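Chain nomenclature is as follows: A, B, C, D and E, assigned in order of appearance, with residue numbering initiated at 1 for each chain independently.
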Amino acid sequence: MSLFLELRHNGPQLDFSAEIPKGQITALVGPSGSGKTSIIRAIAGLLKLKHARISLAGEAWDTERAHLPTRERSIGLVPQHHGLFPHLSVMGNVETALSHLPSQQKRHRATECIRLAQVEGLEGRHPHELSGGQRQRVALARAIARNPQVLLLDEPFSAIDRGTRKHLYLELRRLHNQLGNTVLLVTHDLDEAAQLASHLLLIDHGQLLQAGETTKVLTRPRNEQAAQLLDIPNVFSASLEKTPAGLAELRWGPHRLQIAATDRTPAGRVKFAVLPQNILLVKTDKPWGSHLENPIPTQVQDVVALGGEVLVSLQVKGLNEVQLQMRLPERALRRYPITSGSEVTVCLRSSDIILLE
Amino acid sequence: MSLFLELRHNGPQLDFSAEIPKGQITALVGPSGSGKTSIIRAIAGLLKLKHARISLAGEAWDTERAHLPTRERSIGLVPQHHGLFPHLSVMGNVETALSHLPSQQKRHRATECIRLAQVEGLEGRHPHELSGGQRQRVALARAIARNPQVLLLDEPFSAIDRGTRKHLYLELRRLHNQLGNTVLLVTHDLDEAAQLASHLLLIDHGQLLQAGETTKVLTRPRNEQAAQLLDIPNVFSASLEKTPAGLAELRWGPHRLQIAATDRTPAGRVKFAVLPQNILLVKTDKPWGSHLENPIPTQVQDVVALGGEVLVSLQVKGLNEVQLQMRLPERALRRYPITSGSEVTVCLRSSDIILLE
Amino acid sequence: EVPSIAAAADLKFALSEIATEFLIETGRSLKLTFGSSGNFTHQIEQGAPFELFLSADENYIFRLAERGLTRDRGLPYAIGRVGLFVPHGSPLRADVELKDLSATVAAGRIKRFAIANPDHAPYGRAAQAVLKTAGLWEQLEPRLVLGENAAQAMQFAASGASQGGIVPLSLALVPQIAALGDFALLPAEWHATEPLHQRMVLLRSAGTTAEAFYNYLQQAAAREIFQRYGFSLSENKVE
Amino acid sequence: MDWTAVILSVKLALVTQLFLLPPAILCARWLALTSFRGKAWIEGLLALPLVLPPTVIGYYLLVAMGGNSFLGRWFEELLGQPLAFSFSGLVIASALVNIPFAVQPAQRAFEAISLEVHEAAKCCGLTFWQTFHRIELPLAWPGILSAMMMTFAHTLGEFGVVLMVGGNIPGETQTLAISIYDRVQSFDFSAAGTMSLLLLVISLVTIAVSYGMVERLMRRRRSP
Amino acid sequence: MDWTAVILSVKLALVTQLFLLPPAILCARWLALTSFRGKAWIEGLLALPLVLPPTVIGYYLLVAMGGNSFLGRWFEELLGQPLAFSFSGLVIASALVNIPFAVQPAQRAFEAISLEVHEAAKCCGLTFWQTFHRIELPLAWPGILSAMMMTFAHTLGEFGVVLMVGGNIPGETQTLAISIYDRVQSFDFSAAGTMSLLLLVISLVTIAVSYGMVERLMRRRRSP
């Protein structure tokens, strides 16, 4: 019971197969040009691929032989470029998606969707009289109007400010809870994915890199490419050694890092990653003692403040080429001021070290 | 020596006057539909307003009487909807902005801009063969090609992933350092503003709410509306009292908050704000003692994890309607687990309390 | 039922007047349609609902008769005459002997000279014959502009766009045209090889009114009107 | 003033539009939105009525519709009267020669509708006809108006085909254009002048008012 | 086969385009991109050459060009030969009656160019002419081709005006259309048929090939 996809094409390049859980919000994340829009359009039946098998809970939409026309697929689409009807008002645009309803119900339902999408008051405007974000929300209202089984949202919030976005997140979640429809959300914003989506598909060059629950994918990249896409800067090479006690250890230049037991990965060269927010700063005046896990001596290279947070670049002692990125709340530095050049020790807790494939 | 603006119009509504510092990157931030695009278009000379005075370093672009045509303004524009020429290849699109150069130099400069905008390899493609983010970058390449004195970027990175965005930030900054041109950047992303812009204009409903250096504006909203736009949830009412010692104190329900000395604000009802990341959690096992500034007893209502960070909603004791939002790194909760219902004390340091107008 | 009558364009004024007389006398009205005789022939061959056809060229009548579309081979109603028309402002003078025309042509001062298209217009053939008789054909041929029919040749000449033209007498007598230039009637012998026998015929579908009008056209009253408009019927019977 | 002819002309122009436009618009839409081998040849064929001299087309149509042809006899049985020299015949002939005017502008207008809009219509679950009349037709409106105006003007002014097929029968097939032509042929310039002026004024007013209306409509929706 | 007439027809069609298209396209662009009071009336005026019967227009043009008119004399002095019954006169007449075919399709095509694109051109610092030939013209190409094809076809087929203004002079003003007409009038149906067929084939090939080329061009750039 899911939205099953198997897509192959070139120009746009696609070699993709995935199952999107039914009744869940799934985020589709990947760099610009990776094929997200193409996948969405293929599901909508707007892009005909060399090879496409698409089925929703057993109902075949695309097979080798058949191609269900778009209008017969129960979908709602917010395209990347809104695609409103230029000759119709906002109300007219939304009502167009409701042609199956009698006129009064149509007006009622359209008004409701316009309210949900936070564009009430603009019903009589034509698309060219709207701002970019308003157009996007009208497109959202139009997409949800038919209560589609599959809601395809191609960067639906890209032109919308944080405040409005929050309301829309709430409404989208509420709507989704009510209807239990399958939502596929294309986004560049990992926070957005984290807040809205229970599942996440990570793609690049038209290929699936990693799929799974959002929090898992976000904090446990499977390989270097995924780590890069998830914006995790700290990816390093080390060699894995198994200790006689059945434990594993990473030899990272002169340092040894204890890691959580791993059976799968064989000894040898490996890559590992650490999230910047998981790097602990050892405060010299605190009695940590035995709490110190994998302490690494470093020298501060650079401190950049980013509205409430601080990004610290650390040079690891004994590993000249290696830069470690650490993220701290600004407040943390008030009491332990760190400046470029100062020497600090950080901890990489074994449970925070992610072995990459 | 700046870009001076005085704009008034209705439909789109504008009542705006500001000076944008020359040779700086200034962010234009405001909710969807607040008039950002309209301002950009007015500066470009594409939107004729009821009243417009625009001048760049003394050179009048718009006055009561005169209107300098767009092509004579030294601008580069990345419009919100890219607006590429559909019949020209990527190379052709960029070269079109270089019609003043001889053909060979044209090709050279276009290639350079295409590289800067991170779309090399796509020179021969037509716009319909590009992804949304690629189109945006081509528009960027075209806008910078002429080395304009004023670069107008209307959400230029909205469809671009984090990784590519970072490269573009770097390139934009480098370009800006080289040329010292004036950049006006429309964005919804406060992080983006913080990373790129030295100045920030906050607008709503076509009106200027606050202008100033980015970090100042981001951490010191002037009024409640600004706080809301900057996504600061903790805005409360209290009454200001001056102590005999010349100090000031806020009476907030049963609590008293010491605040930094303020001469401007008269005693009486005031609003104040605290950034969620500036709320300190008092760890019960730590010997804080006299460090405790403005301690507030609260009860935890809700804990939401957001990829590496945690949002905690607190119910302030004695103030039933008041909810305090606190942001912590996830790690902080590992050692002091907090769950819904537990009682915690937090500190609002006097320097972190922002009095609003 | 009011019968449709097809008549050559140059009969417009004459026939309209006769039809009015006919109406006064008999109380029966007619639908008159004027146009190119060639077109009418095409149309009648395709079953056009005309009951009487007055052609500018008897050959059309014979063609239709051969195809069995007419009652008989009809009767002549007039013999056409042509003359030289010279618009005001032209270097040419209108004389009956075409002397001035010869001189002007020889002097190269004729730029354009209008006749109807001899390929298919009888007046064109007559004009050609006239010019050949006068020995001017060779010189004038490169200067000719060819009207689709006699009326168009008349327009060419009357508008002043051509310096002169050989046109039907019947048209030259129209007051509007007479005001635009001078006219000299040429002797009929000059185009003896191309006599302008104009013939009318009742078509197969002709009803009583058409028959009555056909007869009326042969009466003296009608002849008199024809005569006035330049359609004389010579004494010697053709046929 | 020949009012019978005026009325006949306007009637012919309207009836021609009535019969020509629906199939022409559908054909234009089909040509605009599908792509197949040999499409250019079909487009070429549809332009051909412009190429032959009207009188010659008229002649061929006359032969086709005349009592001697299969088609002519068939229609005669069907309608009880011959097609040639009747108003019906005139409408058919007029519709045929106006095909290029009706199809081309409409086709260009349908082609100009963006892919985005077509896709949005599909995603809204609209059927072919819903898409056609709610989305495509309103967006193609300026081009369709061009088609209407050119057809209208050309039907008023057309006289070669009409003369040949219709036979210039007053009240039945004598249009204003033919009537004017007759006046000019018989050198009745003042009547011809008056009638031409009337024809010009009728047309000018009709066309200008229609364009004015569409322009106001379009101003409401400049491409977003 | 009357090859002189064939060549003359094609020459007339080409020369007419040469003189008519540039001003017509500029005028179309102007009408498409500016908005002013009374614009609809200008559009209406430009459609009027379609409204009058060709022979009648031809007659008025003949009078205007004839030796008795001011214009006629002026031209005669200028060219050394009268305008009426000359190829030059034919070109002028033909250009005049083709105005509606040339302007309307081009105007619709210019109107269809999106505001975005116009603004982008301005921001790229393009001058009026640069914008016109690098951006607007290529984008309006399908409409301009429509204009060209309709003008081409109509010039080939037009015969009322041409006959009146040209005077049917072999080699100078006797076009193929007139030649065919003459054949039909003199009941030479087989020659008329052959020549019609030739005219149709020439036109069909020209038009189909042009459309085919533009279609391939357009496929490269379906709206993004």
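In this text, a residue touches a chain if its C-beta (ideal position, glycine included) is under 8 Å from a C-beta of that chain, and two chains touch if they have at least 3 such contacts.
No experiment lies behind these values; they were computed from the predicted model shown.
Where touching is counted per the definition, the chains common to subunit B and subunit C are E. Taking shared numbers over all numbers used, the subunit A to subunit B interface scores over half, which places it in the same class. Compared with subunit A, the chain whose C-alpha mean position is the greatest distance off is C. The interface carrying the most C-beta pairs in contact is the one between chains D-E. The most distant chain from subunit B, with centres taken as the mean of CA atoms, is C. Work out the mean CA point of subunit C and of subunit D, and you get 36 Å between them.
Chain centres here are Cα averages; for subunit A and subunit B they lie 22 Å apart.
Look at where the CA atoms of subunit A average out and do the same for subunit D: the two points lie 57 Å apart.
Averaged Cα coordinates give subunit A a centre that lies 91 Å from the centre of subunit C.
Those residues of subunit D in touch with two or more other chains are numbered 55, 59, 115-116, 184, 222-223. The set of subunit C residues that touch two or more partner chains comprises 39, 42, 152, 155. Multi-chain contact residues of subunit A (touching two or more other chains): 81, 128, 130.
Taken pair by pair, the chains that touch are A-B, A-D, B-E, C-D, C-E, D-E.
Within the complex formed with subunit E, the residues of subunit B that make contact are 44-46, 69-72, 75-77, 79, 81, 83-87, 96-97, 99-100, 126-128, 130, 135, 142-143, 146. Listed in rising order, the residues of subunit D touching subunit A in the complex are 116-117, 119-127, 130, 134-135, 138-139, 220-224.
Residues of subunit C that touch subunit D in their complex: 4, 6, 9, 12-13, 31-35, 39, 42-43, 45-50, 151-152, 154-155, 158, 171, 174, 176-177.
Every residue of subunit A that touches subunit B in the complex is listed here, in rising order: 11-12, 30-38, 80-81, 129-134, 137, 154-155, 158-165, 188, 190-191, 194-195, 215, 218-219, 228-229, 231, 275, 277-278, 280, 305-309, 327-331.
By the touch rule above, subunit E contacts subunit D in their complex via residues 35, 39-41, 43-45, 47-48, 50-56, 59, 100, 104-105, 108-109, 111-112, 114-116, 142-143, 146, 149-150, 153-154, 156-160, 177-178, 180-181, 184, 192, 196, 199-200, 203-212, 215, 218-219, 222-223.
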